[in-house]
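Structure incoming, see below.
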Amino acid sequence: MTGVETQNRLAALAIWSAGLLILGAFTLIVGDIFWRGFSGFELGFLTEDPADAGRAGGIRSVLAATALILLVCLAVTLPIGLLTGIFLADYTAGGGRFAPLVRRSLDTLAGVPSIVFGLFGNAVFAHLLGLRISILTGGLTLAIMVLPFFIRSAEESLRSLPVSFSQAAEALGLSRLTFYGKIALPAALPGLMAGLVLGLGRALAETAALIFTSGYVTRLPESLLDSGRTLSIHILDLALNVPGGAENAYRTALVLIVLLFAINGALMALTRLSPSYREYR
Amino acid sequence: MRHAPPAILTHNVSVAFDGKPAVSGISASFPDCAINAIVGPSGCGKSSFLSALNRLNESVPGCKVDGNIELFGAALGRFAPNREELRRTVAMIFQRPVPFPLSIRRNMEIPITEHYGRNRQETAGRCEAALKSVGLWGEVENRLDMPATQLSGGQQQRLCLARALALEPRILLLDEPTSALDPMAAGLIEELLRELKSQMSLVLVTHNLAQARRLADTVTFFWMKDGHGYVAESGPADTLFNTPREDVSRAYFAGHIG
Amino acid sequence: MRHAPPAILTHNVSVAFDGKPAVSGISASFPDCAINAIVGPSGCGKSSFLSALNRLNESVPGCKVDGNIELFGAALGRFAPNREELRRTVAMIFQRPVPFPLSIRRNMEIPITEHYGRNRQETAGRCEAALKSVGLWGEVENRLDMPATQLSGGQQQRLCLARALALEPRILLLDEPTSALDPMAAGLIEELLRELKSQMSLVLVTHNLAQARRLADTVTFFWMKDGHGYVAESGPADTLFNTPREDVSRAYFAGHIG
Amino acid sequence: EDIEKARLSLTGSSTIAPLALEIAKRYEAQNEGLRIDVETGGSSRGMADARRGLADIGMVSRRLKAEESDLTAHLLARDGVGIIVHSSNPIEAITGAEVTSIYKRETRNWQALGGPDADIILVHKAEGRSTLEVFLDHFKLDNPSITPDVIVGDNEQGIKTVAANPAGIGYVSIGTAEVAIENGAAIKLIKLDGIEASTATVADGSFPMARELNLVTYGEIPENAASFIAFAQSADVNDLIKGQSFVPPRR
Amino acid sequence: MSRRAADRLFRFSLRSATLAAALALVFVTFFVGYEALPALQAAGAGAFLTDPSWHPASGTFGLMPMVLGSLAVSLLALVLAAPLGLGAALFENFYAPPVLRGLFQRAVELLAGIPSVVYGLWGLVVLVPLIAKHLAAPGTSILAAGLVLAIMILPTMALFSSAALGAIPAEQYRAASALGLSKWTALRTVLLPAAGRGIMTGLFLSFARALGETMAVLMVAGNVPQLPSSLLDPVRTLTANIALEMAYATGAHRHALFFSGFLVMAVTLLLVTLAGRSEKKEARP
């Protein structure tokens, strides 16, 4: 009996240490970013364009380019992802042998390192299709990269609805369009949003796929065919290539993280609100 | 003189999943304007057989239904022009109530507009009539925009009944409709079923022998052999409960087995 | 002259989840060497009460148990020095068999070595004896290293029984142990329970009135009022089934309600 | 169509990029509706992009080689590659032989050069950078034989790395280095073979490791690219060239 | 449009969208492979492995330094992150008091959401100088890259292990408790074996993530294409190599980079497949 007890104690000790270590690391890193990012942070940072290679000024144009790239990415991902997610989740869609194949290839696509998407986007969108290094090229590249994640989470959130909904709808003679349009999608909305946020988060965090596709021009983009740098690339460039750029790199990192946290928070609020949100539609 | 055909007539129906039969050789006849109970132990294929009657297991991957099914004397294919229409006419209620996670109103409206088109007044009328027929109107009249999931279990099941009745079905399939409800709520539903049988044919799968005794006009008793279900005995409720012919029925109804 | 105390004696026990009582005021007495059935409609708190007896719902967040429980005349705290010991002595079997997803051998060995230490020979002996007592030894003797999940449902449930019996419990709690099994497998388990009652006190929650009639020495009948369960009537099985005192018991046992 | 006309893109040398940016700004101010984007990546990128049509104009911080005659060079300014060390390093001058020996790892400690007792940290440029090629050419070094501690890309990264390592040594564009030192970077340019590394010595032709800064184009030059190049080569930008510590060409 | 026609169109668009999504993968793989092929034809697969150095300007394209660099950095990260991640999952699910549990879960999720470039920034500004000061200048090294990657993949490992543990039906733990097993015995003998495959999945995917990461590593690894001999040596990984040189590569050089991209992709896909396998087997019983 004492043997069992000792084992229990040791295990608890090791596991607590792991837990506390991680909490410590989290505090250290996030604390570092908040601490350095906040020192000397002014609101002007968000409303001015970068100057002096980013050492001075703010990140207005970078924010704009980031937003545009995300929009392009969403415009492609959302419709294709949603439809594919429905196809994969619906047992009446006749996926048969096709669906597992698709699922398989999506899982695989999700595992492809992002730099390979960068290679692909550069060669295909920028070069072959003549879109050059531009926001459009970057957004499309990101879309392919994010698509599998969104599809899988859309599928999962639709699957998480009880099968009985689908059965009941069938038993009432409802068409699939009616079922998804009026019942399933509204009910799965929080899950779908979660998938979207997951995808957005990935896109926001991406650098490797973008350096050869959207480029890193710091100016305010005027069209989708302009090159533009995202927040992540701005951080990379400031940290790597700009002496004296660390401060603004930290500020940008702070903005990026706060943005990601905010999206996450909104998502959680949404999920928590979801029952009433769903049901009062 | 011609007899009116039974509401449902099946001949040698079998349902298999991935080639493995769940029930087989089911020949049964369910009259109109009656409650037809199907009883039997768990897993003997009662639900599988029931969903074959409105082709609901057609979309279950790997499920195959064989044999002949006639509704009111017409083969399934001729009876309704398409699946949607068939399911409007042959409605189904499940063990757990399945309200959609929307408002009560939307729960009623969606199927009605799907089948009868978008006509606000007619829709409202059908909705009210159906809710009244299940005795729910008084309870929810003033809060139709409340989420249906906030109703109690019994109310939810009555809502599901109303949702189906609004489509004016001729046959109502019920798969253990009260087993997830508390005794009071179950009592209300039983009463409703008794009222409904004047207008349509009801097929009631139940685990609860007492319930079958209380409600059924005919009883079909499923038992299992070689891993799949078959009809061990069927007939008027009185006969089956009081003077069953088969040994297995006798033992089952006496509570010795199952 | 002193009577032997009952195996289980509860006084005014209540179980609440997040402050909402599921059952309350349960005072019951279950003799040793007997099968004590608990019956009643779904949701009336049978399972909640049962797990209070070996403190298993202690780890459920938000669950609170009040009242006094005595085992063989000793308060729960004095009866066993710690939770692990209590659970060895008061074993529990669930509705769905829960074999660990490991080999049959590991399923048996893990609890034995935990309680009796690592002694290969003794462990093997206990394992064999327990499997024999549930009639599984012959069936699995040659394939002890097969995943337990590949056994049939009935075999799995017998394995779970054997796993518990190997620890020599004095009380066996059974929560609808046959309801997920086919009739044959259920019959085997029932036979086993009948044999076991010579050695320990059994508390059997069941939905199946016929089963209670077949097995029970005492019956405790739970019913619901104000949203929580209470004991409507209890006593020797004969009395309850044949001459129930309360209206609600009479209606329930006659199949009019529930 | 319209959008295509109104956009010019320059990519390539990190040495030229800051200057090109300034020139572009002025040119844009004079030509409303035109947008000129400038990106770095190294001289080789400039040439590759120009060839592939990913950029209208490439930036190359050296003279074109014979095998690159498919491109047309347009001389923009002159610059040199200077050796830099940390500003705390007491060393003020170095000889070509010493540089060679350091980069061959024959000399490993600053002590050998009269500096502090610290292992030399070798900062080296990535391939595809003209600054690297000019450096290798000048010292007749074979790149595969060099095993540096850090490999950097843009000039600025080289400056940053040396500034972060008191024992570091590197080589960068003199113009870029001078601007960085003005801005307070913790580095200094040291004499090479007794000659000051500065704009002045580049201008008078005495600095040994000097080079050209070129804009390059591939094939037919579109109208707006040609007029931008003409502007960049005119005396109107002399002040900008000097402002970046480069040397205007003799016009 | 009639209801039935609309429904038919809907079903059609489901299929088309799915087809498009599936083709994306085929196309990416095909394209990268196609661009990599000439490199293989020119040099043969052997040359990439036997050629000792990577000097595109001199026409030598030895991938060995980068292959070893990638492996060294990722394995170091995995060795650090795997036990910690598993510990984190156990802590969250079974040891943390309720107050701490939510906080902990949130922290791990947030750590998972922090972009890799931010970890890179932290590595460059905080970690590298620390290593330079206390171990060896300039600090950019396998160690720095491995540590940054470890922190990066730690949440992945933790989340997957946690999900694997969470996927085990609660009945299992209940049954174990009912048999009087102590907490650690229940975890060690029942839950961890049951979650084993899910944990393996997390391990494979974490490794894949570490192998595929580019920028964070590029920022702190030193990027010298050489065969490393100690943890404090600088290395260049396959992915960093692509990022550093893709912009200007042409001809054989470009094909060689595509080949290394293809290589990374192939290895990650292998890992993902292994991960998928272990997941599927898990689902069977």
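Observations, loosely collected:
Every chain is named by a letter (A, B, C, D and E) in the order it is written, and numbering of its residues begins at 1.
Note that a contact is a pair of C-beta atoms (placed from the backbone, for glycine too) under 8 Å apart; a residue touches a chain by one contact, two chains touch by 3 or more.
What you see is a predicted model, and the numbers here were worked out from it, not measured in a lab.
Shared contact partners of chain B and chain E, listed by label: A, C. The minimum number of touch steps separating chain D from chain E is 1. Centroid distances from chain C, each centroid being the mean of CA atoms, peak for D.
The interface with the greater number of C-beta contacts, when A-E is set against A-B, is A-E. With each centre defined as the average position of its C-alpha atoms, the distance from chain B to chain D rounds to 83 Å. Centre-to-centre, using mean CA coordinates, chain A is 38 Å away from chain D.
One finds 50 Å separating the Cα centroids of chain A and chain C.
Multi-chain contact residues of chain D (touching two or more other chains) are listed as 153. Along chain C, residues 114 each make contact with two or more other chains. Among all residues of chain A, those that touch two or more other chains are 4, 175, 178, 240. Residues 54, 56, 59-61, 83-88, 91-92, 94, 96, 98, 100-103, 106, 110-111, 114-115, 145, 147-150, 160, 163-164, 167 of chain B are the ones touching chain A in the complex.
Residues 91-92, 96, 162, 164-165, 167-175, 178, 182-183, 186-187, 275-276, 278-281 of chain A touch chain B in their complex. Listing the residues of chain E that touch chain D in their complex gives 53, 55-58, 60, 129, 132, 137-138, 140, 222-226, 234, 236, 244-245, 247-250. Residue ranges on chain A touching chain D, taken from their complex, read 53, 126-127, 132-133, 215-217, 219, 222-223, 225-227, 240-244. By the touch rule above, chain E contacts chain A in their complex via residues 3-4, 6-7, 10-11, 13-18, 20-22, 24-26, 28, 31-32, 35, 83-84, 86-88, 90-92, 94-96, 100, 103-104, 107-111, 113-122, 124-126, 151, 154, 158, 182-185, 187-188, 205, 208, 211-215, 218-219, 239, 242-243, 246-247, 257-258, 261-262, 264-265, 268-269, 271-273, 276.
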